[in-house]
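Chains here go by letter, A, B, C, D, E and F, matching the order in which they are written, and residues are numbered from 1 within each.
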Amino acid sequence: MAAPVPSLLRQELERLAESDQRIDGRGRWDRRDVQLEVDILYNAEGSAKVTWGDTVVYAGVKFELRTPWPDRPTQGSLMCGAELRPVAHRKYEPGPPSPQSIELGRVVDRGIRESGCIDMEALCIVPGEKVWGVMIDIHVLSDGGNIFDACGLAAIAALRTAVVPAERFDVGEDHVLAVKGTPVMASFQRVGGRFVYDPCEDEETGGEERIHITLGDEEHLHSLQKGLKGAFTPAEFAEILEVARTHCGELRELVSSMEGN
Amino acid sequence: MMGGYGDVKLLNDDGTRLDGRTVDEMRPVEIKAGILPAAQGSAWVKHGLNVAVVAVYGPMEAHPRKIQRQDRAVLDVRYNMAPFSTSDRIRPGFNRRSREISKVTAEALESVVLLERYPRSKIRVEIEILAAEAGTRCVGITAASVALADAGIPMRDMVVGIASGKIQDTVVLDLDKAEDNYGQADLPMGICPNTGELVFLQMDGDLSIEEYNLATEYNYKAAAEIHEIMVAALKDRYDGGEA
Amino acid sequence: MAAPVPSLLRQELERLAESDQRIDGRGRWDRRDVQLEVDILYNAEGSAKVTWGDTVVYAGVKFELRTPWPDRPTQGSLMCGAELRPVAHRKYEPGPPSPQSIELGRVVDRGIRESGCIDMEALCIVPGEKVWGVMIDIHVLSDGGNIFDACGLAAIAALRTAVVPAERFDVGEDHVLAVKGTPVMASFQRVGGRFVYDPCEDEETGGEERIHITLGDEEHLHSLQKGLKGAFTPAEFAEILEVARTHCGELRELVSSMEGN
Amino acid sequence: MMGGYGDVKLLNDDGTRLDGRTVDEMRPVEIKAGILPAAQGSAWVKHGLNVAVVAVYGPMEAHPRKIQRQDRAVLDVRYNMAPFSTSDRIRPGFNRRSREISKVTAEALESVVLLERYPRSKIRVEIEILAAEAGTRCVGITAASVALADAGIPMRDMVVGIASGKIQDTVVLDLDKAEDNYGQADLPMGICPNTGELVFLQMDGDLSIEEYNLATEYNYKAAAEIHEIMVAALKDRYDGGEA
Amino acid sequence: MAAPVPSLLRQELERLAESDQRIDGRGRWDRRDVQLEVDILYNAEGSAKVTWGDTVVYAGVKFELRTPWPDRPTQGSLMCGAELRPVAHRKYEPGPPSPQSIELGRVVDRGIRESGCIDMEALCIVPGEKVWGVMIDIHVLSDGGNIFDACGLAAIAALRTAVVPAERFDVGEDHVLAVKGTPVMASFQRVGGRFVYDPCEDEETGGEERIHITLGDEEHLHSLQKGLKGAFTPAEFAEILEVARTHCGELRELVSSMEGN
Amino acid sequence: MMGGYGDVKLLNDDGTRLDGRTVDEMRPVEIKAGILPAAQGSAWVKHGLNVAVVAVYGPMEAHPRKIQRQDRAVLDVRYNMAPFSTSDRIRPGFNRRSREISKVTAEALESVVLLERYPRSKIRVEIEILAAEAGTRCVGITAASVALADAGIPMRDMVVGIASGKIQDTVVLDLDKAEDNYGQADLPMGICPNTGELVFLQMDGDLSIEEYNLATEYNYKAAAEIHEIMVAALKDRYDGGEA
């Protein structure tokens, strides 16, 4: 029988919320410390490690030569996968991808893809014959809460520092992958009755619905996802959207500071 | 995923859409409740050319025991597209897209079903898409709400599934197939008609905050209309309409 | 522990059988009411809905262009699949296809295929290069008993009203699929000691072995299948074969009446 | 599936078949019981060039408990073709054909095994086809009967697997590979030699009712012959013949 | 709950070991009786049956035409698979291949492959276009202990008597497959504290770690594998390696005696 | 599998290797313990350009119950290569190679962990290869030992993973990628530095008995060196080094 959500934790979170406090001492819209390293893995054409509080995530980029889809002969392709493997937490079991794992991968993928930051036409080598397939894989090694934002950050940082291995595939000279924008995700969860930004592990355990927002360079929305049981109002959404704008901007600058390293 | 072909013409010169609808007009919706004899509750929804059928079973014993929740029922929701529901045949079997939609649909319905009434039990919601013409996840949510009501499962509110989107830089209600293929954004929502709350939200493409707000407004307007049709279908069923 | 077959139901069925009665009031060789609708689904090139008592079944036909098998360069192909998904009854679980589901699909497939009603040579577009693959998928939405016959009927009705989408594939003009016959299945089950035609749900639950017979236009046998535990004599088979001839004829006419609609 | 090539010559001018058999003559059959030391019971059957080996294990505890039947044993039957048993190698792993044959074979054997003697238990029957030359499902059924008897599992009758078919518009007994590939119909049966009942029946192709009756007659005649060989193999085994 | 290793059996094996005895009466380095038959299966291009004590194993060889790997255009390929199916013992369950089954297949494969006995270049028909793929499948029908050695023996015997079916594939005349050596495996298990050769079923049940050694014609090592829980010293390994040399030589002669039959 | 290309030049004229190492010199090794906050114990090992990260969870309840051992804990070990760890991307999911390595790695660790201290429980060891440059199974074993120690799991000895091999008919220690691709043999071992026992052994390629003995000697020498680095990493961790 699955454990009921620990009611003591939930009560504690509600008590704290009354005085607008959080279990790890942060303010409602505060972010935990984030460290970003890039270009750290042999064999990956781009790589990044994100340490976000107790969460640790690696992303790696690989390229392959493909035949383009018949209806899009001048476009390459992008694949972004995130896996929740049992290494990341006591709670994850081995086996086929769980719905949680699938959702994570698809939400991160949509944030990157829908921002249009990868120019699919620029991945074409010979129209109708040969295009690049770009594959970003994200590996969660330690789940300390808010893996969505950590995965999104690792993915875009790995992409922005990736080198297309054209020489190895005999199709020209190696060159930096062209990336036109920096989509960044901001995630919120209802804890103790109100939304907070960047939930930690305890807040995820004792919280309710989550909202994931991906914003592009011009603060346009590129991806939204509501997860878990719970209902919210349009007014609540408007409030967190404002908070997302600030945090996405800060993290976008962090990614930019990595390039040219 | 949105096609993002800003250059495909999807609006007529008079501002109407290729199928003649105005920007805030939804496709026709038909609903029937109680159409599957073997199910506890069921519904059939035709929305545009989409057809969704939903069967509800339970509450029943949840097994294996490890899925049981001591304080409430679990909702076991499956969204499935029939192999013949799309232009190119779909190979049978769950795929990643279906699993994600099943997950978020389940979470939307859990937000309204009074699960605490049935501790340790399971309620199965089987969503079958028989014909797909853009927007099937929303049609599935609408049909699931009607089927749950038909099964007599208590809910604090219904959920109406509806999407708006953006085509040719214009926000429009309820994308059809061409608009979905060549449009710039899609914003599906699950709206509770009585409380006005959202229990389902996804979006992809490109929307400014202003465009998001207009699309949301269109969705709420349409949800009220669809809700009336849902209620009428359930009335029909219990007034001895066709079973 | 799986429930034993309910002995009270079995006793009731035996009691009724003594006076040659059935649990739903029918005579031993009577059929339930059957309704057939065709051409009802967007995206399917042929479609049918069969309502057979409390059983509801949809079938849809799709086409694809294929390369023919090297040893049969002038022949197209036919695939007929039936799925027992959990939508159809409380008793069906999600998961990989059960033996029941596989048997259903294969028996329906053989009935259509072995009758020769689809001329494989007529599905050839360019010998050795391009042929049509015809795929019929059958979806059981409500299992109220005797899904075999309902699936077989939906399949042949969907085929007989299918349109080959040649224009969409750029290989000529759309045209009606050529179907040369109307194979129809008749299923029998031992209930209360003797065989009955068209078992309802209770009869399936409390019955023993089943026999499925597919007859073509000239009353030749095209497919036989005995399912479930139980033994029968050649004399019993001869008797039900006679009954099958009548019912298959009636249902064949029902299918014919749909065409041209 | 029957090839249905009515135009391939499969009968000689004198009415005999390409391998010299008459229309109602079966291929040679050899049987040995008790050939696998690790099994409770086992059998090896060579029928024409087909080779089937069967191992029987049990009765043993049925687990997981949900497969248990309170009033009888369950038969867990697997029909499997070895990768090297056919002209083109078969990839290992169950496929749809194997699963269907396993199901109907299990049901045939359940009809004769005295399952009620072993409530809550399981008997495993493992049928391995090592060489296939048309008719393997029948050879598997014959071998399974012998292996069950060798394991000492009580049965009300044996089951003999045998098929007739139609080639060049002529009904013949026991199709070989060429006849199966280019024939017009195949009618495999599982016959109880003592009671004369059928516990297994499949058919595909094209048979008139008269042809069906003649093919059935051939099958019954052959079943009696095979039954004698089965009995001899079991006698051999228990008279201290080769183990 | 999995059964603990039967402690009574283990005690008995330890008691016997004290006086250097084995449970089936053999000496520490003795082999059970081995019978080998070849060319016994219709449809297999090479086949062998090994009866090794109570262990019975069949191997069959099949060929297919393939396109060579782009980086090895003049080389054919070899695939050697062993399956532990439920037919072989009460203890094997149906389902996807177990780790035991995978290890068996891979260890047997490496012994054959790494010995270089199959000349991959000789399997080339048209460089870059057409090569032979050789596939050996091994089927364990009765597991009476030491299936590794029995599978290895069946595999090489089936290969050494295989005929390449060139006529059926229309690429020349049938010919004997060229095999340049006879790799043979010898397996040891720690039983009652010391290693013995060719463990029987009881010794496997009550024993500890196993070591599998494959030796080629010149007594070079081609494959090693330590399996199961346990630790051993280099001196122990040196001792069993000496024993392996003798037994591998004897079995190599048995295989050679089959050819030309 | 060894490439066996005896004709690729892998040794310089002065007897050193292409990367400048001598025949009995191993690649640089760096180790950190305690790097994953969510795990009970963890380790990061960089060996040459290989990177392995290991998390240990437990002892925890072993479920389902049928995997429990009444007299000891079970070790549940998974070896997994990240999709981006190799030159050509690896599709996620277990494969046969990973399963074999997981099995023999588990058996190596079971030989040193005091499993009898935790009856009926389970200890999970998750080995993730983030970058692969020949020899990952050995790097994984080394990292797993450190992570188990970091988790406070009692062991009778550590296990050091190290391989020697043969290139251009010469035995050398610790093959790098080119040497692995074009070499003639590979001999990975799991060595207990205190007892001198072997708990892990594989080999493929071609080695005479003399070559085997020399390669073993190299492995033992390197194991002592790596052991010192392992101990230093654990000291670092518990002396308040970086966590």
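The working rule: a contact is a pair of C-beta atoms (placed from the backbone, for glycine too) under 8 Å apart; a residue touches a chain by one contact, two chains touch by 3 or more.
Just so we're clear, the structure is a prediction, and the values are computed from it rather than from any experiment.
Contacts with subunit A and subunit D are shared by no chain at all. Taking each chain's centre as the mean of its CA atoms, F is the chain most distant from subunit C.
Chain centres here are means of the Cα atoms, and by that rule the chain farthest away from subunit D is A.
Subunit C and subunit F have Cα centroids lying 57 Å from one another. A separation of 27 Å divides the Cα centre of subunit E from that of subunit F.
Subunit B and subunit C, compared by their mean Cα positions, are separated by 31 Å.
Our note on geometry: subunit B versus subunit F, Cα centroid distance of 51 Å, whole angstroms. Shown for subunit B are the residues that touch two or more other chains, of which there are none. Of all residues in subunit A, none touches two or more other chains. Chain order round the ring, anchored at subunit D and oriented towards subunit E, is D, E, F, A, B, C. Touching subunit A in their complex are the following residues of subunit F: 35-40, 42, 49-51, 53, 55, 57, 60, 78, 80, 82-89, 92, 124, 126, 128, 130-133. Residues 1-2, 4, 97, 99-100, 102-103, 105-106, 110, 113-116, 209, 211, 216, 219-234, 237, 241 of subunit E are the ones touching subunit F in the complex.
Those residues of subunit D that touch subunit C in the complex are listed here as 1-2, 4, 65-71, 96-97, 99-100, 102-104, 107, 110-112, 187, 192, 195-209, 212, 216. On the side of subunit E, the complex with subunit D involves touching residues 41-44, 47, 54-56, 58-62, 64, 81, 83, 85-90, 94, 135, 137, 139, 141-144, 201.
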